Amino acid sequence: MIKAGIIGATGYAGAELAKLLKAHPQVDLLWLGSRSYKGQPYSSVYMNMRKIADEDCRSEDMNELAKEADVIFTATPQGFCASNINKEILESAKVIDLSADFRFKDVNVYEKWYGRTHEAPEYLEEAVYGLCEINRDKIKNARLIANPGCYTTCSILSLYPLVKDGLIDPATIIIDAKSGTSGAGRSAKTDNLFCEVNENIKAYSPVVHRHTPEIEEQLSYAAGCAVMLNFTPHLVPMNRGILVTAYASLVSGVTDADIEACYRKYYEDEYFIRLLAPGQCAQTRWVEGSNYTDIGFITDPRTGRIIVMSALDNLVKGAAGSAVQNMNILFGLPETCGLETFPAFP
Amino acid sequence: MIKAGIIGATGYAGAELAKLLKAHPQVDLLWLGSRSYKGQPYSSVYMNMRKIADEDCRSEDMNELAKEADVIFTATPQGFCASNINKEILESAKVIDLSADFRFKDVNVYEKWYGRTHEAPEYLEEAVYGLCEINRDKIKNARLIANPGCYTTCSILSLYPLVKDGLIDPATIIIDAKSGTSGAGRSAKTDNLFCEVNENIKAYSPVVHRHTPEIEEQLSYAAGCAVMLNFTPHLVPMNRGILVTAYASLVSGVTDADIEACYRKYYEDEYFIRLLAPGQCAQTRWVEGSNYTDIGFITDPRTGRIIVMSALDNLVKGAAGSAVQNMNILFGLPETCGLETFPAFP
Amino acid sequence: MIKAGIIGATGYAGAELAKLLKAHPQVDLLWLGSRSYKGQPYSSVYMNMRKIADEDCRSEDMNELAKEADVIFTATPQGFCASNINKEILESAKVIDLSADFRFKDVNVYEKWYGRTHEAPEYLEEAVYGLCEINRDKIKNARLIANPGCYTTCSILSLYPLVKDGLIDPATIIIDAKSGTSGAGRSAKTDNLFCEVNENIKAYSPVVHRHTPEIEEQLSYAAGCAVMLNFTPHLVPMNRGILVTAYASLVSGVTDADIEACYRKYYEDEYFIRLLAPGQCAQTRWVEGSNYTDIGFITDPRTGRIIVMSALDNLVKGAAGSAVQNMNILFGLPETCGLETFPAFP
Amino acid sequence: MIKAGIIGATGYAGAELAKLLKAHPQVDLLWLGSRSYKGQPYSSVYMNMRKIADEDCRSEDMNELAKEADVIFTATPQGFCASNINKEILESAKVIDLSADFRFKDVNVYEKWYGRTHEAPEYLEEAVYGLCEINRDKIKNARLIANPGCYTTCSILSLYPLVKDGLIDPATIIIDAKSGTSGAGRSAKTDNLFCEVNENIKAYSPVVHRHTPEIEEQLSYAAGCAVMLNFTPHLVPMNRGILVTAYASLVSGVTDADIEACYRKYYEDEYFIRLLAPGQCAQTRWVEGSNYTDIGFITDPRTGRIIVMSALDNLVKGAAGSAVQNMNILFGLPETCGLETFPAFP
């Protein structure tokens, strides 16, 4: 059994992780860390976990946790992991960080987009960007995994094959994304009150959203050149789900058959990716509660563009599920272990 | 492996059943019957089931299915099961009917409240009312299970111990229930359109709702005398969940401690019932996607009444989960087999 | 033109009031007071009011406001109005208080249920309970109006005729109420976040909710004896609307015709009350955005009970609309002035 | 008083129109036509209209209606108006058609995108495209108004000034639009059931949606050359509202100040357009229930693109409000007459 601990177990992503790890057949979840609820029964915070996780919440002390655990998940605000990680921790436990702290190779990108000083730039080089479908081999031997962002996972999986194989012009990429409200976290802000979110849709942080450089960096590796794009997230009145609608100009001569073949080449054997028939539109309801990403596309012969539409559950494949998938790879388990839950509908 | 088939697999309850049975470790689900979608891939109707149930929908022929299956689930409109069941079917397969056809012992009650002639009253006597927590022993050897209604399950579990042990006056019972919209089914009706249900709450069928006599019959057995009550269902703008708020006058002298002890006596060892601390209010979000029923209560010393508040997922414990629990009992499996999914939140 | 000011203009009830008064043909709204947003443009807080109320928010200084205004609305937390009101204010302006400060005649009831000391009990006697349909005559000459609570308005209007004319047994009244989330106010609390409220229904504060004694006091006046009842509010995932489902035992011999006649006697000429046909269920969607209260009922010959179902918009008839209706009466305007907006659907 | 009639008064757009016209100070609404509900009280279909529109629904007979009315609104499916219009009707009443029948000058465009034969192409030439802010002068003397589509109004108003003044490259326009569910109409379809729409977001009809050529035609007039673009609508789990997120490459050298000046030039005096501060994101909640369109933008110096974000209420400015605005122009009334309702929030 893998001994696992979570720091930040009472946020929405942390809670999803707690749920997945409690149900994981190879994991002993021994630490539910929470700054706000330390000392209180976990199931008094998340009452769905009554009879399942009635133990008290523990502290956010990573050093202490590292002594007990084989793997530490940090589902914490930006900066926490970078401020707390150290040599001793990394020598005794694998670390899977769900924040953005170790997602960039260039510390300047992080510091510019996140507006904060990085406390542990010395680990940026060794950290592995944990997008399993793409970096599986590098993940295997890593000590520190930078678990990708929710929007990022959906965006990169949507476009990676097309960029990698040169089917689209990377200078024309526009990503219009829509997210359920759990992506905004559980802290008490007026903007996230029921009455403010319900019966509304809005874009937020257009042009400057922090997932932009993360998508760009990964697509740049695929393209072999610097990619710059527009990414516009929107807040949707629903709990879960991310939908990406991505636009790009096709390279001249590329056919629907080429595109299908390209997606199949990269994803046909991927358990957690479901390719839709050409013209079919992905919908968040079909992936809710699961680790799947559904990917579909359509092309427009009039404008020469492709529209890629993809959906995933922001708390599962976009956060906790992906983190568990990374753990499975790190510990040599089947990648699907503990992640086979079918999507729930309605 | 138990060979199982579903008639009515493309309604919401049938789809939940399909999901549970596909994931059940002891079941081989070999028949997804659907009148409307026969011959079409199941996953084209429920796209969440892509890669999981891509086989074509089959017919609604119970006779044919009985030749292949050990157990048949009928998640069909009122009257279907009664019209189709026969001696041969019952001799070759267990039948778990999710409709109301076999829930009453007295055919007159059925015919009066449902406004239709019963096509197979000869099986009413042997049918067992499949509320596992109460009728477990009778279920074991049954051939025909009448799976309880969603409102009914929540209502009976809430009040059974109090009625059984005489802590409340059964003549004073009022049940005010609230349900998510999946309870209304998947047929295309104007009243169930998004814009009609969203941003609204209403009672429907007060006084005459068909679950009334079902609750009354079961509570009458517990009380040892005829119970008559008011049951008022409401439609809530959410997908899943039933909340029951039940009112009754306490018998003189009954204390909170008596009530707690009574609930514990009947439910403490029940895996799928979670008793809340006195004063705690059940909420549908804490049981969503699971087979749990949460039950709490509060008493009012001013009026001498008890208010019992209970929640369950109408598609799981209120339909498909309960049906699987019945199947587990019928086939000698642990009752929780295939039903351990934790409640999902948010 | 009536010069009007609002203290607490940036809560949900205050904002509805601002909207109504800005559109009112006889009102000059000269003061939008807000503790949190003082000095900021009102339309930067409520962007729906751009081009309509772009002026800066002012302070919460009632004394200052009283010098400029003919009428002051306090849409403030419990205790504010009682702490700030004084002789000078009451001599220069009418005060319509939307809090509970002046709703009870007996200061002990207030202090017990609200858990706070009343700062101005000397005004309790002269304050008039502003439920227009019932207290119209007393309101006309009042200086201080206690505007009723949202649940209270719906509950009292539902039961007042039946209690007044002795058609029901007041000892058997049970009120099961359901409210949209705007009733919980705009302050940033985890419990009111979108993901916590959405896809959920729960009771809250059963037995001890503060609107209980308010309903009891007014129904006691109607009954001519002390009425004690159960009131259970529920939180519904929608923005607006209150639905009351009230239960009571009919006095022996009372017929549906008696009940209809009774409701007609009191309400037939009331502009803002719409009586439904017997058996029809009130729905919140049909009153949204309007000052109407819809009232329907059904009786159960089996149990001898009546079920009254009523709906109103908690921010309009349940708060701001009622306050404007009170103002209209105070200033001799037609009661409907500025309140004729039709309900919006969908 | 203008005598007005509606054909198709029981769809969502027709109902909004009924509500606006009933409240309009210069209109006598004498005909509520409905195919499905003919002979039934209008307020039995839309119970929000009790006491407001209790008259029976009438037929869909345009000839009959033309004898009584000064203006006829057709809120009917594609093809109805073209099939029924004739010389006599146009000589006796103004016609405002809310369908697409007369929106295109080129009958081939209509027939290709709508897949049906046009029954009255002889009126295409004289019909005026009723986007008031742009075609006000032509509307004044028209007999037949083609009221624009909901997505179209929002899209054209967003981009018209930029295209007209050559600030963007029209070949790069991408419109990603999001709509509330009332846009899908009131007919009973499984896809529009509450449980199918709730907790979901999806694109639908990408590349081929019928509003595409309508947007293109109007923007082509502005550009002075043929514009071809991508338009992708999405279905959002909310009742009302359209949000347009439009992308385009800026012409070299264009500054934020140029863009602001351009929008001001065209819209500063428009009552129903509210320009947001640069960088501000439009939100549907701020326009709900009103005839406003909110327009904001942000530019990205990195990619050289502008992102325009606009919001309107699909049933008001996107349909019924716009139709009333057209009527006001046709009959020489102030354009805002009957349309001053403030946006409702929450």
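Each chain gets a letter, A, B, C and D, in the order it is written, and its residues are counted from 1.
Definition applied: a residue touches a chain if its C-beta (ideal position, glycine included) is under 8 Å from a C-beta of that chain, and two chains touch if they have at least 3 such contacts.
Computed from a prediction, not measured in an experiment: that's the story for all the values here.
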Inset, instruction - Could you let me know which interface, B-C or A-C, is made of more C-beta pairs in contact? - result: B-C
Inset, instruction - Please flag the chain sitting at the greatest distance from subunit B, going by CA centroids. - result: D
Inset, instruction - Starting from the mean Cα coordinates of subunit A and subunit B, work out the distance between those two points in Å. - result: 37
Inset, instruction - Round to the nearest whole Å and give the separation of the Cα centres of subunit A and subunit C. - result: 46
Legend entry - Where subunit B and subunit C are represented by their mean Cα positions, the distance between them in whole Å: 39
Legend entry - Junction residues of subunit B - those touching two or more other chains: 12, 182, 195-196, 198-199, 237-240, 283, 285, 288, 346
Legend entry - subunit B residues within the subunit D interface of the complex: 12, 181-182, 186-190, 192-199, 237-239
Legend entry - Residue ranges of subunit C touching subunit B (in the complex, touch as defined): 174, 176, 178, 180, 195-196, 198-204, 206-207, 228-230, 232, 234, 236-241, 243, 245, 247, 281-285, 288, 298-300, 302-303, 305, 307, 309, 346
Inset, instruction - Using the touch definition up top, name the residues of subunit C that touch subunit D in the complex. - result: 12, 15, 19, 22-23, 46-52, 182, 199, 239-240, 274, 283, 285-290, 292, 294, 340-346
